[in-house]
Structure formats: structure tokens, C-alpha cells
Amino acid sequence: MFRIARLIAAKDLRIELRSRVVTNQVLPFAMIVMVMFAFALKTDEVVEKVAPGLVWLATLFSLLILVQRAFAIETADGATEAMRAAGVDPAGIFLGKALALAAQLAVLEILLLILAVVLYNSKLHAGGVVLLVTTLLAATIGLALVGTLYGGLAAGVRGRETLLPLLLLPVVAPVLIGATRATEAALGTSGAVVSDGWPWLGLLGVFVALFSVGGTLAFGPLIEE
Amino acid sequence: METVVHLSNAVAVLGQFPVLAGASLTVERGEIVLLQGPNGAGKTSLLRLFAGLMPLARGEGNVLGFDLRTNREAVRKRVGLLGHANGLYSDLTVTENVRFWGATIGASESEVGAAMTRMGLAQRLKDVQVAKLSAGQKRRTALACLIARRAELWLLDEPHAGLDAAGRDELDATLREATAAGATIVVASHELERAGALATRLVEVVGGQVRESQVAPDGDNRSQAAG
Amino acid sequence: MPDTDTSAMQLTTDQASDAARSAARSAASSSVRRSSPTGTPFTRVLGIATLISMALLVLFGLFLSPEDVVQGESVRILYIHVGTVWVAYVAFGVTALASLAFLWKRTTSLTWDRIAGASAEVGVLFMALTLFAGAIWGRLSWGKFWVWDARVTTTAFLFITYIGYLAVRGLGGSHQQRGRRSAVVALLAVLEIPLVHFSVKLWRGLHQDGSVSDTTKVKLHDLMLFSLFISLIAFTLLFVWLVMHRQRVLAMQDALEDKGLDFALEQRRSEAGL
Amino acid sequence: MSAAVVAMEDVGFILATYIATFVGSVALAAYYLRRGRRLAAQLPPEDKPWG
């Protein structure tokens, strides 16, 4: 299972390094979303206050695109079917694709955070770095797991472009809430202190635990004919 | 002889349409069976059923000793299917693709190399991205992926499509070698001249059923010559 | 309530006339709109009980029960709200249990899958009614339709989640595939609910104290309690009636598709000319 | 604003809730019955084991 997962993650990342879809298309999309948020909110003070939430919202929108892309690779020339035909362990496929997705998301999030510092005047400070990195890690893994799970279900069915957001967005609500609050605490947005952030990581932890186990079990039945 | 595939009155459904409507067929080890018939007759579905990809709606089926009704997932590890799609990643090179598919069953580097040599991909084409290949070259790559998997039962759906004369010769030689090494092969093809010469048996598929099967005119001595 | 009365009349006639069902079938297209093929003596009794209890609910809820000291007349909305929200949550519980029964090898049957689907569908309707009644009640009690309360927000999330579940059911494929896929989605949804609820609660909790739980602490008059009780009974009966009929409709739909398969098989075989 | 006006507005909202609930339920019930009738016309009795 882990050998297959490593194999598939390496393959997905190599494809991304060749095609540069994330860096050339998804990243600019996320950036324009961040700029548009500022247009919608107008005043600097409001933008500064809600900056962490905007970063995570932009991440969620990008997640939808990344998941579509991750499974478009597989369905383009029948690789999903070929994997099933080759008896590749579905749990391995699930973990592998989630791992590759997590790596791409992590890069995206870091760049969005830097953008928040530039555009929204967010301030990083030393005391919050540990919390920030942990939050980033937990939220990224959680989003990647749940994105892969529902992406696999939606892949190859009619109307997948519309079905995926409908299934995925309600499910990631706890991540949006937890990651935003923890990020606020780490950045000290509106006077939040770092210790406020740690309880939220518990929430993210439960989410990751739930979907790593649930997803590993459920992915096979979801993609099987 | 050992029975590799046994199907009796198999019905398989795609959506609400019965692609297989009571097909019965038996294949012995070492045979090269050619499935022929018009478009939509059920050839592809028959291959997908053997590969354990489709559920069996009615009837009985057994592949390599596994019951298709209860245990079709177990069949897959020992069967190699080349479908209409090639299952290749267009951003990766030929070598990377063959290596990836070989690795899914734990093939060694030398086996991957041998498979590529067999299909004439080891020289000029090995570091070319699949997106830049012609249709025939993609088909060769897909065949190399299949060879690297060392399956016991080979299921080929129109393998000759898009291949040039040299590619066809390599394919035919590969298939004879595989049967000599103990593999069994089921081919669906429209190219009767080509595939008919290779096959030990012809099977006609019509209306989701197997109409009749007959020994190929000179099939017997061919398989013996290869063996 | 003239509006509900006429519709209720139609329901009664639908259920009451049991006679000549086969005749009705042969002439289904014409004027025969009386017998219900998805009905049985049990569901007819159930239907009548539902109608009676609904009438009682209107009687007690709108006329006999007193107005609340704090909330005034708006308390009457609670008799709808509590009943519908109860049914909605029960419905999703039934969906989860039926999905589990479908996935468990020893009890697996497409009937469980259909019960899960029927229950979710009815649950989605009741969730919509709950949100509507809740919004109006909120408007009357707090002056605004929506309050970001944890329970309210979780309910809205559930509503969307089960619309997604119904969409997954409609994806096509074989009945078995539909059952397996939707059962997995239903179980994932059930695991997700407490997490959503907990996170929303934490999210609100840091800013303000619970809003709904405070205002619902009204001193309940005996008649009000009785009305609430009737509400629970009435909506539970309605739920069972709806799910039973829906399950049977779905069973017929599946049977018809299987019949279609038999017919298609005949056709397919004749292609071969055997 | 007099108390009577407030009460009138309340009554409208309350009635709307009741009506919406009953209309919604009856619409769904009617849909199920109609659909059941349509399907039953195309099926023999043995496919309706509850009947």
C-alpha cells in the first residue's frame, strides 16, 4: 500500500513538474482571487482583519481546481481503468494521490500567505511560527485527503465539474473554520494570542484522523464499477 | 489441458444495456483466441469481463480459478488488459510510463528494459514524451507496459490498430513468445488476416453472445511451431 | 385552513378506495385516479391517522394552545418547527442505519438501499421546511431571519450535504453500484456531522454565548407541551407514510429497469439470430 | 405602531409557516402516489410483493 502510494505520488509530482499547471494556472487564479477579495471588502482595516480567512478561502477554491486536475490526468487516457485492471491497491492510489495533492497545496498556501503579507498587511512574528507551520501542515493534509476522496468519486461521471463542489465544500467547513482561527492566532490578527490557536489544531487533527482512515477504506468502493 | 477462462451464460450490463446477453466460452491454457464480430457485438465487454472489471449480472464465470461473481478483484493481478485507451500519461516519457506500470506489480528494471527492447522503444524513442508520439508509437508503448506486467492471461482489444508493419511483426512475435512461456491470449480484432494467422482458434461474437468457435485453419501447427 | 383541507380530501379518497385495483391498473390512463398501488391496508390506516393528527395539530397549535408569555403568538411556529426538525434528523439516522445494513454482507439487500434513499429524500424536504419555519420564527422572535447559531448552521450544512447525497444516487450505473456508492457517502456524511457541529459551535462560542438555547427556555404551559407532543406524533406518522410509499415507488422503478433488461436481452439475443 | 398591527403581521407569518409545511408535504405525497400509479401500470402484480 505505501509502496504504491509513493509510486503514484512521485508520478503525479513528476507530471506537475513537466506540465506546470499549478504554477502557471492555479497559482495565478488564487492570486487574482486574493486581489478580488480586497476589491469586494474595500477598506484596509477590514481586509487586514479577515486576511487569514481569505487565504483559506482562496485555498479552498484552488483545491477544487487542483482536484479536478489531479483526476483529469488519470481519466484522460483511461489510466484509472488501467489501474483497476492492473489490480493496483485502491488504498495506495488514495494515499498516493492525496500525498501529491498535499505537496501542491502546501506550495500554494505558502505563496498565498506571503501574498497576504504583501497585499493585506498581515504580520508574521516569531512566536507564532510553530503554530502557523503546524496549522498549515494539518489543514493541508486534511484538505488533500478529503479532496482526493470526493474527487475520485466524481471522476469519470457525468457532471463532475458541478458535483465535486457540491460534495466537497460542505465537508471542508471544519477545516476552513479551524485553520482560519489558528492562523489568526499565529499572526496575531485583531489582537489574538498564539495560545488561542492550539485548541483549533485539535479539530484539524480529528478531521485528518477521520478522513485518513475513512478515505482509505472508502476509496475502493467509491471508484469500483 | 488446463482451463483458464470458463464462461457460461454470462450477462453483463452497461448502464441499462445488456452488452453481454448470455455468452458462453471456454479458453484453455496456451491458446490464442481471436474474437471477431461487428462493432457493438460485445468483444470489448467480453475482455473487460475477463479482466474482472465488469460485474457479472447473471450466469457464471471463472478466470484463472477465481469466481467472477464473488472474487473478480482477485483476477486482476494476474491478467493484463490492453483496452481501447492506452492508459498512458502524456506528460511522461516512454521510459517513465513503462517503468510506472511495471512498478505497479513490482517488475524489475531489467524486465522494463526488456519490454521496451521487445517493442522497439529502447533506442530513439525512450526519452520522448508520450504526447509527442504518433498513435502507433503510443500503442507500442502501451504494449510494452503490458509486457512488463508479465500477465498469465493477456487480453488485447484491437492491438494492431495504428501499428505499422514492423510493429505488427513485433507484436505477433511477442504474443507467440508469451504463449510459449505459458501465457494465454484473447485478442479482439477486425484485422482477420493479421490476427487470424496468429490465432489458434476463431470465436465469433454477435449480439452479446458467442456464436461459434472453430479451430483456425492452420492454427494447430502454428502454436506447435511456436511452442 | 381551506388550502390543506382540499388536499387532505384528495389523500383520503386516494387511500380509502381499495376496490378494483387490478381494474384500475388496466385503465390507469383514464379517469381512474383513486386506488393507490403503493398503498396497503397498513399505509391506509397510517394515512388516516396522519391526517387526523395533522388536523389535531392545526386545532391545538393554532387555536387551543395559549400564546406564550414571552414570545406571544410566534410560539405556534414551534409546533411545526420542532416536528419537522425531529423528522429530518430521524430521517438521516434511518438513512445511515439502512446504508450500514446494505453494506453489511449478512443483511445486504437493495431494499435497504431504497429505504436509505427514500428516507434521505423525505429528510431533505423536512429540512427545507424546518429551515423555513425556523427563519420565520427567528424573524418574529429576534427580528431577523437568520442567526449564526451552531444548531441552525449545522442544519443548513446537513441540508446541502444530503442534496449532494441524492445527487450521488442519481449518477447512474447498476443498482448495486448505486447502493454501494451512496451508502459510503451516507456514512461519511454521518461521521462528518458531529465534526461540523462541533466546529461551528466552537466558532460561535468564542464570540457570543448560545442564542437559541437561551430563548427557547420558555415556561411551557401544559397545552403547549401537548401540542408539541401532537406535532412529534403527526410528523413521525407522515414520515413513515412517505418513506413507505417512496420505497415502493423506488422498488417498482428498479423492477421496471430489470424488466427493461429482460426485454433488452431478448432484443440483443435476436441480433445474433440464434 | 399599535400592538394590533404587530399581531396581524405575526399571524401572517404563522399561517405562512403552516401552509408551506402542509403544501410541501402534500405535494411530495401526491408526487409519490402519481409516480407509483404510473409505474404500477407497467408492472405485473408479482413485482409488488406488498400488494
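Should a chain be cited, it is by its letter among A, B, C and D, assigned in written order, with residues numbered from 1 in that chain.
Assume contacts are C-beta pairs under 8 Å (C-beta built on N, C-alpha and C of every residue); 3 or more make two chains touch, one makes a residue touch a chain.
Computed from a predicted model, the values in this text were never measured in an experiment.
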item	value
Chain of greatest Cα-centre distance to subunit D	B
Pair of chains whose C-beta contact count is the highest in the structure	C-D
CA centroid of subunit A to CA centroid of subunit C, Å	34
Inter-centroid spacing, subunit D versus subunit B (mean Cα positions, whole Å)	56
Euclidean distance of C-alpha centroids - subunit A vs subunit D, Å	42
Separation of subunit C from subunit D, taking each centre as the mean of its C-alpha atoms, in whole Å	11
Multi-chain contact sites of subunit C, meaning residues that touch two or more partners	172-174, 177
In subunit B, residues with contacts to at least two other chains	55
Interchain contacts, given as pairs of chains that touch	A-B, A-C, B-C, C-D
Touching residues on subunit B, where the partner in the complex is subunit A	51-55, 73-77, 79-81, 83-92, 96, 100-101, 103-105, 129, 149
Of all residues in subunit D, those that touch subunit C in their complex	7, 10-11, 13-14, 16-26, 28-30, 32-33, 35-43, 45, 47-48, 50-51
Complex contact set, residues of subunit A against subunit C	149, 153, 157-158, 163, 166-167, 170-171, 173-174, 177-178, 181, 196, 199-200, 203, 206-207, 210, 214, 218, 221-222, 224-225
Touching residues on subunit C, where the partner in the complex is subunit B	172-174, 176-177, 257, 260-261, 264-265, 268-274
Subunit B partner contacts - residues on subunit A that touch it in the complex	4, 7, 11, 14-15, 18-19, 73, 76-79, 81-88, 225
